[in-house]
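Chain lettering (A, B, C, D and E) follows the sequence in which the chains are written, and residue indices restart at 1 in each chain.
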Amino acid sequence: MLDTFDPQQKIQLNYGGKIFVTTRGTLDKSPFFARLLSSEGNKDESGAYFVDGSPEYFEPILHFLRRGEIRLDANMNPEAVLDEAKFLDIENMPFAEPKIE
Amino acid sequence: MLDTFDPQQKIQLNYGGKIFVTTRGTLDKSPFFARLLSSEGNKDESGAYFVDGSPEYFEPILHFLRRGEIRLDANMNPEAVLDEAKFLDIENMPFAEPKIE
Amino acid sequence: MLDTFDPQQKIQLNYGGKIFVTTRGTLDKSPFFARLLSSEGNKDESGAYFVDGSPEYFEPILHFLRRGEIRLDANMNPEAVLDEAKFLDIENMPFAEPKIE
Amino acid sequence: MLDTFDPQQKIQLNYGGKIFVTTRGTLDKSPFFARLLSSEGNKDESGAYFVDGSPEYFEPILHFLRRGEIRLDANMNPEAVLDEAKFLDIENMPFAEPKIE
Amino acid sequence: MLDTFDPQQKIQLNYGGKIFVTTRGTLDKSPFFARLLSSEGNKDESGAYFVDGSPEYFEPILHFLRRGEIRLDANMNPEAVLDEAKFLDIENMPFAEPKIE
(Lines give C-alpha, C1' and ligand atoms only; values in the text may rest on other atoms or scores of the structure.)
Protein backbone atom coordinates (compact mmCIF):
# COMPACT_ATOMS: atom_id res chain seq x y z
CA MET A 1 0.00 0.00 0.00
CA LEU A 2 2.05 2.89 -1.30
CA ASP A 3 0.63 6.37 -1.51
CA THR A 4 1.84 6.47 -5.11
CA PHE A 5 -1.36 4.56 -5.91
CA ASP A 6 -3.55 7.33 -4.59
CA PRO A 7 -5.94 8.07 -7.52
CA GLN A 8 -5.87 11.75 -6.54
CA GLN A 9 -2.09 11.92 -6.92
CA LYS A 10 -1.15 14.75 -9.28
CA ILE A 11 0.78 13.60 -12.34
CA GLN A 12 2.74 15.83 -14.69
CA LEU A 13 2.92 14.82 -18.34
CA ASN A 14 5.41 16.32 -20.78
CA TYR A 15 3.54 15.69 -24.02
CA GLY A 16 5.84 16.79 -26.83
CA GLY A 17 7.06 19.76 -24.79
CA LYS A 18 3.78 20.95 -23.27
CA ILE A 19 3.12 20.20 -19.60
CA PHE A 20 -0.27 18.78 -18.63
CA VAL A 21 -1.24 18.11 -15.01
CA THR A 22 -3.81 15.45 -14.24
CA THR A 23 -4.31 12.67 -11.68
CA ARG A 24 -3.24 9.05 -11.47
CA GLY A 25 -6.90 8.02 -11.40
CA THR A 26 -7.55 9.73 -14.74
CA LEU A 27 -4.56 8.17 -16.46
CA ASP A 28 -4.98 4.67 -15.01
CA LYS A 29 -8.08 4.21 -17.20
CA SER A 30 -5.62 3.77 -20.11
CA PRO A 31 -3.22 0.78 -20.24
CA PHE A 32 -0.70 2.94 -22.15
CA PHE A 33 -0.54 5.48 -19.34
CA ALA A 34 -0.66 2.83 -16.62
CA ARG A 35 2.51 1.37 -18.21
CA LEU A 36 4.07 4.83 -18.63
CA LEU A 37 3.54 5.62 -14.96
CA SER A 38 4.99 2.28 -13.84
CA SER A 39 8.59 3.32 -14.53
CA GLU A 40 10.53 6.29 -13.26
CA GLY A 41 12.69 5.88 -16.39
CA ASN A 42 9.89 7.47 -18.41
CA LYS A 43 10.29 10.78 -16.62
CA ASP A 44 12.11 13.78 -17.99
CA GLU A 45 14.66 15.68 -15.91
CA SER A 46 11.87 17.82 -14.36
CA GLY A 47 9.96 14.77 -13.14
CA ALA A 48 7.21 14.80 -15.79
CA TYR A 49 6.38 11.61 -17.69
CA PHE A 50 7.33 12.08 -21.35
CA VAL A 51 5.34 11.14 -24.47
CA ASP A 52 6.56 11.94 -27.99
CA GLY A 53 3.36 13.34 -29.49
CA SER A 54 1.43 16.48 -30.47
CA PRO A 55 -0.10 18.17 -27.41
CA GLU A 56 -2.92 19.73 -29.44
CA TYR A 57 -4.23 16.30 -30.47
CA PHE A 58 -3.78 14.85 -27.00
CA GLU A 59 -6.08 17.45 -25.45
CA PRO A 60 -9.39 15.83 -26.56
CA ILE A 61 -8.05 12.42 -25.47
CA LEU A 62 -7.28 13.73 -22.01
CA HIS A 63 -10.76 15.33 -21.89
CA PHE A 64 -12.14 11.86 -22.76
CA LEU A 65 -10.15 10.23 -19.95
CA ARG A 66 -11.38 12.91 -17.52
CA ARG A 67 -15.03 13.29 -18.52
CA GLY A 68 -15.84 10.20 -20.63
CA GLU A 69 -16.81 12.11 -23.75
CA ILE A 70 -15.03 12.88 -27.01
CA ARG A 71 -15.41 16.56 -27.90
CA LEU A 72 -13.67 18.13 -30.86
CA ASP A 73 -13.51 21.81 -31.68
CA ALA A 74 -14.82 22.65 -35.14
CA ASN A 75 -11.38 23.58 -36.40
CA MET A 76 -9.56 20.43 -35.29
CA ASN A 77 -8.59 17.64 -37.67
CA PRO A 78 -10.34 14.49 -36.35
CA GLU A 79 -7.94 12.13 -38.13
CA ALA A 80 -5.02 13.62 -36.19
CA VAL A 81 -6.81 12.87 -32.91
CA LEU A 82 -7.41 9.34 -34.17
CA ASP A 83 -3.69 8.96 -35.02
CA GLU A 84 -2.90 9.93 -31.46
CA ALA A 85 -5.58 7.66 -29.95
CA LYS A 86 -4.15 4.68 -31.90
CA PHE A 87 -0.63 5.50 -30.73
CA LEU A 88 -1.92 5.56 -27.15
CA ASP A 89 -3.83 2.24 -27.61
CA ILE A 90 -7.12 3.87 -26.73
CA GLU A 91 -9.50 1.65 -28.63
CA ASN A 92 -12.87 2.65 -27.37
CA MET A 93 -13.02 6.21 -28.59
CA PRO A 94 -16.39 6.68 -30.32
CA PHE A 95 -14.83 8.02 -33.48
CA ALA A 96 -16.90 6.36 -36.15
CA GLU A 97 -18.97 9.51 -36.57
CA PRO A 98 -16.95 12.59 -35.65
CA LYS A 99 -19.21 15.39 -34.49
CA ILE A 100 -17.94 18.04 -36.83
CA GLU A 101 -20.25 19.88 -39.13
CA MET B 1 -12.25 38.17 10.26
CA LEU B 2 -9.30 36.85 8.31
CA ASP B 3 -7.92 38.71 5.35
CA THR B 4 -8.14 35.45 3.41
CA PHE B 5 -11.80 36.38 2.95
CA ASP B 6 -10.96 39.59 1.12
CA PRO B 7 -12.93 39.30 -2.17
CA GLN B 8 -10.07 41.09 -3.97
CA GLN B 9 -7.56 38.47 -2.86
CA LYS B 10 -5.73 37.07 -5.89
CA ILE B 11 -6.15 33.33 -6.35
CA GLN B 12 -4.05 31.11 -8.58
CA LEU B 13 -5.72 28.11 -10.19
CA ASN B 14 -3.78 25.27 -11.80
CA TYR B 15 -6.45 24.00 -14.18
CA GLY B 16 -5.02 20.91 -15.84
CA GLY B 17 -1.57 22.46 -16.04
CA LYS B 18 -2.48 26.01 -17.09
CA ILE B 19 -2.32 28.78 -14.49
CA PHE B 20 -5.24 31.19 -14.22
CA VAL B 21 -5.24 34.15 -11.83
CA THR B 22 -8.53 35.51 -10.57
CA THR B 23 -9.98 36.77 -7.27
CA ARG B 24 -11.67 35.10 -4.32
CA GLY B 25 -14.79 37.17 -4.99
CA THR B 26 -15.06 35.77 -8.53
CA LEU B 27 -14.65 32.16 -7.44
CA ASP B 28 -16.88 32.36 -4.37
CA LYS B 29 -19.93 32.64 -6.65
CA SER B 30 -19.47 28.90 -7.28
CA PRO B 31 -19.94 26.33 -4.47
CA PHE B 32 -17.38 24.05 -6.16
CA PHE B 33 -14.70 26.72 -5.98
CA ALA B 34 -15.75 27.87 -2.52
CA ARG B 35 -15.11 24.28 -1.35
CA LEU B 36 -11.84 24.06 -3.31
CA LEU B 37 -10.55 27.23 -1.67
CA SER B 38 -11.51 26.06 1.81
CA SER B 39 -8.61 23.59 2.06
CA GLU B 40 -4.91 24.16 1.65
CA GLY B 41 -4.70 20.47 0.74
CA ASN B 42 -6.11 21.34 -2.68
CA LYS B 43 -3.04 23.36 -3.57
CA ASP B 44 -0.21 22.14 -5.75
CA GLU B 45 3.40 22.59 -4.69
CA SER B 46 3.49 26.12 -6.18
CA GLY B 47 0.51 27.26 -4.11
CA ALA B 48 -2.11 27.16 -6.90
CA TYR B 49 -5.41 25.36 -6.31
CA PHE B 50 -5.57 22.33 -8.62
CA VAL B 51 -8.48 21.12 -10.77
CA ASP B 52 -8.20 18.10 -13.09
CA GLY B 53 -9.83 19.54 -16.21
CA SER B 54 -9.28 21.06 -19.67
CA PRO B 55 -8.21 24.70 -19.40
CA GLU B 56 -9.64 25.57 -22.82
CA TYR B 57 -13.16 24.63 -21.72
CA PHE B 58 -12.79 26.33 -18.36
CA GLU B 59 -12.10 29.70 -19.97
CA PRO B 60 -15.74 30.52 -20.87
CA ILE B 61 -16.84 29.37 -17.41
CA LEU B 62 -14.38 31.72 -15.75
CA HIS B 63 -15.58 34.52 -18.06
CA PHE B 64 -19.11 33.71 -16.86
CA LEU B 65 -18.05 33.92 -13.21
CA ARG B 66 -16.31 37.26 -13.89
CA ARG B 67 -18.80 38.99 -16.20
CA GLY B 68 -22.07 37.06 -15.83
CA GLU B 69 -22.36 36.07 -19.47
CA ILE B 70 -21.64 32.89 -21.39
CA ARG B 71 -19.65 33.66 -24.54
CA LEU B 72 -18.32 30.95 -26.81
CA ASP B 73 -15.97 31.43 -29.72
CA ALA B 74 -17.31 30.07 -33.00
CA ASN B 75 -14.76 27.27 -33.11
CA MET B 76 -15.37 25.91 -29.61
CA ASN B 77 -17.34 22.75 -28.90
CA PRO B 78 -20.26 23.82 -26.66
CA GLU B 79 -20.80 20.30 -25.29
CA ALA B 80 -17.27 20.26 -23.92
CA VAL B 81 -17.96 23.48 -22.02
CA LEU B 82 -21.14 21.89 -20.72
CA ASP B 83 -19.19 18.78 -19.57
CA GLU B 84 -16.93 21.09 -17.63
CA ALA B 85 -19.81 23.15 -16.18
CA LYS B 86 -21.47 19.95 -14.91
CA PHE B 87 -18.21 18.78 -13.34
CA LEU B 88 -17.95 22.15 -11.58
CA ASP B 89 -21.61 22.00 -10.41
CA ILE B 90 -22.44 25.23 -12.19
CA GLU B 91 -26.10 24.73 -12.85
CA ASN B 92 -27.29 28.09 -13.97
CA MET B 93 -25.33 28.45 -17.18
CA PRO B 94 -27.78 29.54 -19.90
CA PHE B 95 -26.82 26.76 -22.23
CA ALA B 96 -30.16 25.73 -23.63
CA GLU B 97 -29.50 27.76 -26.75
CA PRO B 98 -25.76 28.08 -27.42
CA LYS B 99 -25.01 31.24 -29.36
CA ILE B 100 -23.06 29.64 -32.14
CA GLU B 101 -24.00 30.14 -35.73
CA MET C 1 8.91 65.14 -13.17
CA LEU C 2 9.26 61.48 -12.37
CA ASP C 3 10.53 59.03 -14.95
CA THR C 4 7.51 56.88 -14.16
CA PHE C 5 5.60 59.21 -16.48
CA ASP C 6 7.81 58.39 -19.46
CA PRO C 7 5.29 57.26 -22.12
CA GLN C 8 7.86 54.72 -23.38
CA GLN C 9 8.09 53.06 -19.96
CA LYS C 10 7.44 49.34 -20.29
CA ILE C 11 4.46 48.12 -18.25
CA GLN C 12 3.69 44.51 -17.41
CA LEU C 13 0.04 43.52 -17.10
CA ASN C 14 -1.09 40.26 -15.50
CA TYR C 15 -4.45 39.90 -17.22
CA GLY C 16 -6.12 36.86 -15.66
CA GLY C 17 -2.81 35.00 -15.50
CA LYS C 18 -1.32 35.93 -18.88
CA ILE C 19 1.45 38.52 -18.98
CA PHE C 20 1.24 41.33 -21.54
CA VAL C 21 3.97 43.93 -21.96
CA THR C 22 3.10 47.34 -23.33
CA THR C 23 3.98 50.98 -22.60
CA ARG C 24 2.62 53.61 -20.25
CA GLY C 25 1.73 55.77 -23.26
CA THR C 26 -0.46 53.03 -24.70
CA LEU C 27 -2.32 52.41 -21.45
CA ASP C 28 -2.73 56.07 -20.47
CA LYS C 29 -5.27 56.48 -23.31
CA SER C 30 -7.70 54.58 -21.04
CA PRO C 31 -8.91 56.08 -17.72
CA PHE C 32 -9.27 52.54 -16.30
CA PHE C 33 -5.62 51.79 -16.92
CA ALA C 34 -4.47 55.26 -15.87
CA ARG C 35 -6.13 54.56 -12.50
CA LEU C 36 -4.70 51.02 -12.35
CA LEU C 37 -1.18 52.34 -12.91
CA SER C 38 -1.57 55.04 -10.27
CA SER C 39 -1.23 52.60 -7.34
CA GLU C 40 1.50 50.10 -6.57
CA GLY C 41 -1.16 48.20 -4.61
CA ASN C 42 -2.55 46.96 -7.92
CA LYS C 43 0.60 45.00 -8.66
CA ASP C 44 1.01 41.27 -8.16
CA GLU C 45 4.03 39.84 -6.38
CA SER C 46 6.05 39.83 -9.65
CA GLY C 47 5.46 43.55 -10.23
CA ALA C 48 2.82 43.23 -12.96
CA TYR C 49 -0.44 45.20 -12.66
CA PHE C 50 -3.32 42.74 -12.18
CA VAL C 51 -6.73 42.71 -13.88
CA ASP C 52 -9.31 39.94 -13.27
CA GLY C 53 -10.36 39.24 -16.87
CA SER C 54 -10.00 36.93 -19.87
CA PRO C 55 -6.74 37.56 -21.70
CA GLU C 56 -8.15 36.35 -25.02
CA TYR C 57 -10.79 39.07 -25.06
CA PHE C 58 -8.37 41.74 -23.87
CA GLU C 59 -6.10 41.20 -26.88
CA PRO C 60 -8.24 43.15 -29.40
CA ILE C 61 -8.69 45.94 -26.84
CA LEU C 62 -4.95 46.26 -26.39
CA HIS C 63 -4.55 46.26 -30.19
CA PHE C 64 -7.09 49.12 -30.26
CA LEU C 65 -5.13 51.07 -27.63
CA ARG C 66 -1.92 50.51 -29.60
CA ARG C 67 -3.08 51.03 -33.21
CA GLY C 68 -6.46 52.79 -32.95
CA GLU C 69 -8.44 50.09 -34.74
CA ILE C 70 -10.71 47.29 -33.59
CA ARG C 71 -9.84 44.05 -35.36
CA LEU C 72 -11.48 40.74 -34.51
CA ASP C 73 -10.47 37.33 -35.78
CA ALA C 74 -13.29 35.47 -37.51
CA ASN C 75 -13.52 32.90 -34.74
CA MET C 76 -13.78 35.34 -31.82
CA ASN C 77 -17.04 36.10 -30.03
CA PRO C 78 -17.57 39.89 -30.43
CA GLU C 79 -19.91 40.10 -27.42
CA ALA C 80 -17.17 38.79 -25.15
CA VAL C 81 -14.86 41.58 -26.33
CA LEU C 82 -17.67 44.03 -25.67
CA ASP C 83 -18.14 42.63 -22.11
CA GLU C 84 -14.47 43.27 -21.53
CA ALA C 85 -14.54 46.76 -23.06
CA LYS C 86 -17.43 47.73 -20.78
CA PHE C 87 -15.59 46.39 -17.74
CA LEU C 88 -12.58 48.51 -18.74
CA ASP C 89 -14.76 51.63 -19.30
CA ILE C 90 -13.65 51.89 -22.90
CA GLU C 91 -16.64 53.62 -24.39
CA ASN C 92 -15.49 54.64 -27.79
CA MET C 93 -14.92 51.25 -29.34
CA PRO C 94 -16.64 51.24 -32.76
CA PHE C 95 -18.60 48.12 -32.04
CA ALA C 96 -21.95 48.92 -33.53
CA GLU C 97 -21.08 46.94 -36.63
CA PRO C 98 -18.63 44.16 -35.84
CA LYS C 99 -16.60 43.24 -38.90
CA ILE C 100 -17.30 39.56 -38.80
CA GLU C 101 -18.86 37.75 -41.67
CA MET D 1 34.21 43.57 -37.80
CA LEU D 2 32.13 42.67 -34.77
CA ASP D 3 30.49 39.31 -34.40
CA THR D 4 27.27 41.15 -33.59
CA PHE D 5 26.86 41.49 -37.36
CA ASP D 6 26.85 37.73 -37.90
CA PRO D 7 23.57 37.11 -39.82
CA GLN D 8 23.20 33.80 -37.95
CA GLN D 9 23.25 35.55 -34.56
CA LYS D 10 20.19 34.57 -32.56
CA ILE D 11 18.00 37.53 -31.61
CA GLN D 12 15.28 37.50 -28.97
CA LEU D 13 12.26 39.75 -29.52
CA ASN D 14 9.78 40.59 -26.77
CA TYR D 15 6.77 41.41 -28.93
CA GLY D 16 4.06 42.62 -26.57
CA GLY D 17 5.04 40.06 -23.95
CA LYS D 18 5.65 37.00 -26.16
CA ILE D 19 9.24 35.96 -26.87
CA PHE D 20 10.22 35.17 -30.45
CA VAL D 21 13.68 33.92 -31.39
CA THR D 22 15.01 34.58 -34.86
CA THR D 23 18.30 35.66 -36.47
CA ARG D 24 19.90 39.00 -37.23
CA GLY D 25 19.88 38.12 -40.94
CA THR D 26 16.10 37.65 -40.89
CA LEU D 27 15.42 40.94 -39.12
CA ASP D 28 17.95 43.03 -41.07
CA LYS D 29 15.67 42.78 -44.14
CA SER D 30 13.44 45.33 -42.36
CA PRO D 31 14.67 48.92 -41.70
CA PHE D 32 12.46 49.05 -38.57
CA PHE D 33 14.19 46.03 -37.07
CA ALA D 34 17.64 47.12 -38.26
CA ARG D 35 17.06 50.34 -36.27
CA LEU D 36 15.66 48.44 -33.27
CA LEU D 37 18.73 46.21 -33.15
CA SER D 38 21.11 49.16 -33.39
CA SER D 39 20.56 50.24 -29.77
CA GLU D 40 20.93 48.27 -26.57
CA GLY D 41 18.45 50.76 -25.08
CA ASN D 42 15.67 48.93 -26.92
CA LYS D 43 16.21 45.78 -24.88
CA ASP D 44 14.10 44.72 -21.92
CA GLU D 45 15.69 43.60 -18.66
CA SER D 46 16.03 40.01 -19.99
CA GLY D 47 18.00 41.13 -23.04
CA ALA D 48 15.17 40.80 -25.60
CA TYR D 49 14.43 43.70 -27.97
CA PHE D 50 10.99 45.10 -27.14
CA VAL D 51 8.18 46.08 -29.53
CA ASP D 52 4.77 47.31 -28.30
CA GLY D 53 2.50 45.24 -30.54
CA SER D 54 0.25 42.18 -30.82
CA PRO D 55 2.29 38.99 -31.14
CA GLU D 56 -0.48 37.17 -33.01
CA TYR D 57 -0.38 39.69 -35.86
CA PHE D 58 3.40 39.80 -35.93
CA GLU D 59 3.63 36.07 -36.62
CA PRO D 60 2.76 36.26 -40.36
CA ILE D 61 5.13 39.22 -40.74
CA LEU D 62 7.98 37.23 -39.22
CA HIS D 63 7.09 34.29 -41.50
CA PHE D 64 7.33 36.77 -44.42
CA LEU D 65 10.76 37.96 -43.28
CA ARG D 66 11.92 34.35 -42.92
CA ARG D 67 10.40 32.71 -46.02
CA GLY D 68 9.43 35.61 -48.34
CA GLU D 69 5.74 34.77 -48.46
CA ILE D 70 2.66 36.16 -46.74
CA ARG D 71 0.49 33.36 -45.39
CA LEU D 72 -2.59 33.99 -43.30
CA ASP D 73 -4.62 31.39 -41.47
CA ALA D 74 -8.29 31.39 -42.42
CA ASN D 75 -9.35 32.71 -39.03
CA MET D 76 -6.98 35.68 -38.87
CA ASN D 77 -8.08 39.27 -39.49
CA PRO D 78 -5.98 40.48 -42.45
CA GLU D 79 -6.49 44.16 -41.58
CA ALA D 80 -4.86 43.62 -38.20
CA VAL D 81 -1.78 42.16 -39.90
CA LEU D 82 -1.77 45.19 -42.19
CA ASP D 83 -1.96 47.56 -39.16
CA GLU D 84 1.09 45.83 -37.78
CA ALA D 85 2.96 45.87 -41.12
CA LYS D 86 2.37 49.62 -41.40
CA PHE D 87 3.62 50.17 -37.85
CA LEU D 88 6.76 48.20 -38.75
CA ASP D 89 7.27 50.16 -42.02
CA ILE D 90 7.08 47.01 -44.09
CA GLU D 91 5.81 48.41 -47.35
CA ASN D 92 6.23 45.58 -49.75
CA MET D 93 3.83 43.08 -48.27
CA PRO D 94 1.64 41.77 -51.11
CA PHE D 95 -1.60 42.55 -49.33
CA ALA D 96 -3.76 43.84 -52.13
CA GLU D 97 -5.45 40.46 -52.44
CA PRO D 98 -5.47 38.60 -49.13
CA LYS D 99 -5.62 34.85 -49.68
CA ILE D 100 -8.58 34.18 -47.48
CA GLU D 101 -11.63 32.45 -48.75
CA MET E 1 28.65 3.28 -29.60
CA LEU E 2 27.62 6.47 -27.91
CA ASP E 3 24.34 6.75 -26.06
CA THR E 4 23.73 9.97 -27.98
CA PHE E 5 22.56 7.68 -30.80
CA ASP E 6 19.82 6.14 -28.68
CA PRO E 7 16.65 6.69 -30.76
CA GLN E 8 14.70 7.23 -27.52
CA GLN E 9 16.97 10.11 -26.49
CA LYS E 10 14.87 13.19 -25.75
CA ILE E 11 15.72 16.18 -27.94
CA GLN E 12 14.69 19.76 -27.27
CA LEU E 13 14.04 22.01 -30.29
CA ASN E 14 13.80 25.78 -30.02
CA TYR E 15 11.69 26.46 -33.11
CA GLY E 16 11.45 30.22 -33.45
CA GLY E 17 11.15 30.64 -29.68
CA LYS E 18 8.80 27.75 -28.85
CA ILE E 19 10.26 24.63 -27.23
CA PHE E 20 9.28 21.23 -28.64
CA VAL E 21 10.46 17.97 -27.08
CA THR E 22 10.74 14.88 -29.24
CA THR E 23 13.17 11.97 -29.71
CA ARG E 24 16.28 11.46 -31.79
CA GLY E 25 14.54 8.59 -33.59
CA THR E 26 11.72 10.89 -34.72
CA LEU E 27 14.06 13.59 -36.01
CA ASP E 28 16.56 11.25 -37.67
CA LYS E 29 13.96 10.47 -40.35
CA SER E 30 14.76 13.93 -41.77
CA PRO E 31 18.22 14.73 -43.23
CA PHE E 32 17.77 18.38 -42.17
CA PHE E 33 17.33 17.41 -38.54
CA ALA E 34 20.01 14.70 -38.69
CA ARG E 35 22.43 17.47 -39.76
CA LEU E 36 21.09 19.89 -37.13
CA LEU E 37 21.66 17.33 -34.38
CA SER E 38 25.18 16.55 -35.57
CA SER E 39 26.64 19.79 -34.19
CA GLU E 40 26.52 21.19 -30.69
CA GLY E 41 27.00 24.59 -32.34
CA ASN E 42 23.36 24.51 -33.37
CA LYS E 43 22.19 24.62 -29.77
CA ASP E 44 20.97 27.72 -27.98
CA GLU E 45 22.24 28.66 -24.55
CA SER E 46 19.62 26.39 -22.87
CA GLY E 47 20.75 23.32 -24.81
CA ALA E 48 17.89 23.23 -27.33
CA TYR E 49 18.64 22.92 -31.07
CA PHE E 50 17.57 26.15 -32.79
CA VAL E 51 15.64 26.57 -36.06
CA ASP E 52 14.58 29.99 -37.39
CA GLY E 53 10.98 29.23 -38.34
CA SER E 54 7.31 29.53 -37.35
CA PRO E 55 6.40 27.00 -34.66
CA GLU E 56 2.75 26.89 -35.72
CA TYR E 57 3.66 25.60 -39.19
CA PHE E 58 6.23 23.17 -37.84
CA GLU E 59 3.64 21.38 -35.72
CA PRO E 60 2.04 19.37 -38.59
CA ILE E 61 5.53 18.51 -39.88
CA LEU E 62 6.54 17.14 -36.50
CA HIS E 63 3.26 15.18 -36.36
CA PHE E 64 4.20 13.74 -39.78
CA LEU E 65 7.66 12.72 -38.52
CA ARG E 66 6.06 11.11 -35.45
CA ARG E 67 3.00 9.38 -36.95
CA GLY E 68 3.63 9.27 -40.72
CA GLU E 69 0.56 11.29 -41.67
CA ILE E 70 -0.01 14.90 -42.67
CA ARG E 71 -2.95 16.36 -40.78
CA LEU E 72 -3.94 20.01 -41.04
CA ASP E 73 -6.50 21.78 -38.93
CA ALA E 74 -9.24 23.47 -40.96
CA ASN E 75 -8.03 26.94 -40.06
CA MET E 76 -4.38 26.46 -41.02
CA ASN E 77 -2.85 27.84 -44.21
CA PRO E 78 -1.52 24.79 -46.10
CA GLU E 79 0.91 26.87 -48.17
CA ALA E 80 2.65 28.04 -45.00
CA VAL E 81 3.20 24.42 -43.96
CA LEU E 82 4.57 23.75 -47.44
CA ASP E 83 6.97 26.74 -47.11
CA GLU E 84 8.25 25.21 -43.91
CA ALA E 85 8.50 21.69 -45.36
CA LYS E 86 10.60 23.02 -48.27
CA PHE E 87 12.88 24.91 -45.86
CA LEU E 88 13.35 21.65 -43.92
CA ASP E 89 14.03 19.63 -47.13
CA ILE E 90 11.13 17.32 -46.42
CA GLU E 91 10.26 16.26 -49.93
CA ASN E 92 7.89 13.42 -49.42
CA MET E 93 5.03 15.22 -47.76
CA PRO E 94 1.84 14.23 -49.59
CA PHE E 95 0.78 17.79 -50.21
CA ALA E 96 -0.58 17.62 -53.70
CA GLU E 97 -4.09 17.39 -52.34
CA PRO E 98 -4.35 19.05 -48.95
CA LYS E 99 -7.09 17.48 -46.86
CA ILE E 100 -8.96 20.65 -46.07
CA GLU E 101 -12.60 21.00 -46.86
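Here is the rule we use: a residue touches a chain if its C-beta (ideal position, glycine included) is under 8 Å from a C-beta of that chain, and two chains touch if they have at least 3 such contacts.
Just so it is clear, the structure is predicted and the values come from calculations on it, not from any experiment.
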| item | value |
| --- | --- |
| Any chain in contact with subunit B as well as subunit C | none |
| Chain-contact steps, minimal, separating subunit D from subunit A | 2 |
| Rotation in the CA alignment of subunit A with subunit B, degrees, nearest 5 | 70 |
| Cα-centroid distance, subunit C relative to subunit D, in whole angstrom | 22 |
| CA centroid of subunit B to CA centroid of subunit D, Å | 36 |
| Subunit C: positions in contact with at least two other chains | 74-75 |
| Chain contact graph, described as a line, ring, star, complete graph or other shape | ring |
| Parts of subunit A lying in touch with subunit B, wherever the complex brings them together | 10, 12, 18-23, 26, 59, 62-63, 66-67, 69, 71-75, 99 |
| Complex contacts: residues of subunit E adjacent to subunit D | 14, 16-17, 44, 50, 52-54, 56-57, 74-77, 79-80, 83-84, 87 |
